[in-house]
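Next up: some structures, all given as structure tokens.
After this come two complexes, each holding chain A, first together with chain B and then together with chain C.
Now for the complex of A and B:
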């Protein structure tokens, strides 16, 4: 059971943006988002769960930043205290900060 | 496995928090927020914006005015601590209005102070202008009346003397051309700005103010028989007088010793002429050792008061 879970986690999921871009991330990474987790859960009957594709209602720039944060989070979340973690704040451009705020709030990131 | 952090692990700030931080740092550049912001999301951002920004954002999206009352209170307190009064309103007046009122009052005071300052400065300027130099086309009144006045009538002798002196020194320009000769005869008197007086006065003996400066006449020393003519005599005397009494021995021309002897005395130059003859003519003299410093103090031109300007002299 666990092994299956692991395999599942290694699967790729596709996140699509409104302007036609697709982003592929590991399922494990996508699970960092509460909303996506719900969408992709196997138990749900959402179509996303079946096709491993999630449509995100944002511009590609925002989706890309979301994926970036999700990767960052899955990499460093739970890291030991003495580990050096790069700061993510510099990677948020002020121009997109408000839009990203809306998206981050919606996707519970 | 899921997003739960492992026990003992660090919790990363959420993307929401990151976004709020970045937005707060740049909020003063935002033009408008847009519709539909939930309060909890936007509050931290509005907390860190300036009064102008908050005013502008509320203009664009008035709905956020609902959440900003206490933000205005904070802003008001910080900006106008002296004008701050606890609001005793019934609740109808908001902190935003209070802020507007304080701002107006502040501006009025500033304007008043500026006007005062301007007025004061203007008054000072006017006062200064009165005492400053003005451009005018009227001549200032002459400093003093001409002190020449009607001179006492000159005797014939005096007239002759002064005329001779004028002839002697010649035209101003011609005199200038002979500067080189002047050097030869050297005068190393530091005080040569003053007219070489005693020697001159002894030769001219007229007491007139015309000073005869030295001009080395490049001719043989005039024989004693020419002493009868006044100009020649004046010339000789002038040559003598070229050497002021205080000349440095090294620089003194050979003719100086006889001339240096009592310059103040007024014996006629005649006895000196024979001495002249015995000496080699000046132009053939070996170049004298000159103190190079003497050239420094030798003025090329006459002192202003000594220039011939046709001033009637007091005799």
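Now for the complex of A and C:
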């Protein structure tokens, strides 16, 4: 059971944006978002769970930044106390910060 | 060991000792003088107690214990959430309009909600929502706005007609007085938590805003009968009144409210400081005077709301009601409510909330659906534990326009009931089933509908 779950977590998941861009991330990374976790969990029979694709209702620029944060989160979430974690704030451009805030809030990131 | 003022000169060079002024060669064991500046030669260093060759034994013992403590807290979340990061970036660039881009196209309301959820709305980023042209301002959590910031709010949004502030605990007399002098166009004000404002300040505020049409406050132990009097006298055009969780509510208040007869459309006097504050007769008399123009009535939490109030107050007078909230008014009986709905000539209601009245059951539900089912959009019967399966099934049959439904603690609700709702109520958006053990995680789901309270749902 454990091994199966691990395999599943290593599957790729596709996140699509409103302006036609696709982003591929590992399922494990996408699970960092509460909202995506719910739509991708197989027991809800949402079509997302079956096709491993999630349509994100944001521009590609925002979806890209979301993926960046999700990767950052999955990489450093279990870090030990004395490990240095790089700052993400510098990577958020002020021009997108308002849209990104609303998206981050919706996707529970 | 001590902080150095002058960086250590390179090993092998000559230095003069600050103590004895003798020349010595700098080695890697050279120590700095305490107090700085300067360095000491080896003999002076030893005499001042800091022998660099002395092996420190004590600190080593403490280290393993410190390590153990660290391990316990290793899964502490140190990653800030993306929302928090964005808020920090926004706050940093709040004054730089160019940097933040076109705010107008963004849904400011969504941003306000996001900031409130993180409880990070403060004096720094609140100006994001201010504007001279603003007529409506809604802020969902102004806990962090101090009185000066609240005063500034008024001066920066002078054209406000509609103001709603939730959790404005910091609002006090100075703010009320400042608002009395600004906000000339204010028509509707909705405040949650203005408990610091004293009666005289309220009165000054009312006198300064005679055009006020909506005054809705929740939670104030200081709002007294004198303030009520001044409100009614200064603001004769009042259409919406909410005095929810007001400690001093009493029958005297009802006397004053009667003078608003004919204009008042929205009244909410729920959850007073004392559940027995208002008398049955007082309520009946009030409804007799103001009932005819009422759209919305909320008398939750009053122990004096009995069948009598329904029959002699609501039934004859409040015939144009659209929304009725009588939650936690446990004196109403099943037979009484049933008879009320079956004989009432009033228009069908669109919102009914009679939650937490455990006496009510099948008879009331059937009569309610017969009366208002066709227009019903929001129904809350949380706590009607004795409702049978048959009666519950009548809900989707008779109320096709249903959007929000709360059947918490109605034990008879199960997965088939939910299926029925989906089939017959296409507009449904939210279903609450707290305390319904027969609704399981296998119940059907529909896109766009939120179901809250399934007990056996997985917790991630």
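Convention: the second predicted complex is superposed on the first by the 109 of 109 C-alpha atoms of A that agree within 3 Å, B and C clash if a C-alpha of one lies under 4 Å from a C-alpha of the other, contacts with A are read in each partner's own complex, and residues count from 1 in each chain.
Keep this in mind: a contact is a pair of C-beta atoms (placed from the backbone, for glycine too) under 8 Å apart; a residue touches a chain by one contact, two chains touch by 3 or more.
All figures in this text were calculated on a predicted structure; none of them were measured in a lab.
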item	value
Side-by-side fit of chain B and chain C on chain A, or clash	clash
Which superposed partner A:9 touches (first chain B, second chain C, both, neither)	first
First (chain B), second (chain C), both or neither touched by A:20	neither
Superposition clash, chain C versus chain B, among 81-89, 369-377 or 441-449	81-89
Footprint overlap on chain A, comparing chain B with chain C	34, 37, 66, 69, 72-73, 76-81, 85, 88-89, 92, 94, 97-98, 100-102, 104-105, 109
Residues of chain A that touch chain B when the two form their complex	5, 9, 28, 31-34, 37, 66, 69, 72-73, 76-81, 83, 85, 88-89, 92-94, 97-98, 100-102, 104-105, 109
List of chain C residues in touch with chain A within their complex	70, 73-83, 85-90, 92-93, 96, 99-101, 103, 106-107, 110-111, 113-115, 117, 441, 445, 447, 458, 460
Contact set on chain A toward chain C in their complex	34, 37-38, 43-46, 66, 69, 72-73, 76-82, 85, 88-89, 92, 94-102, 104-105, 109
Residues of chain B defined as touching chain A within the complex	1-3, 5-6, 8-16, 18-23, 25-26, 29-30, 33-34, 38, 41
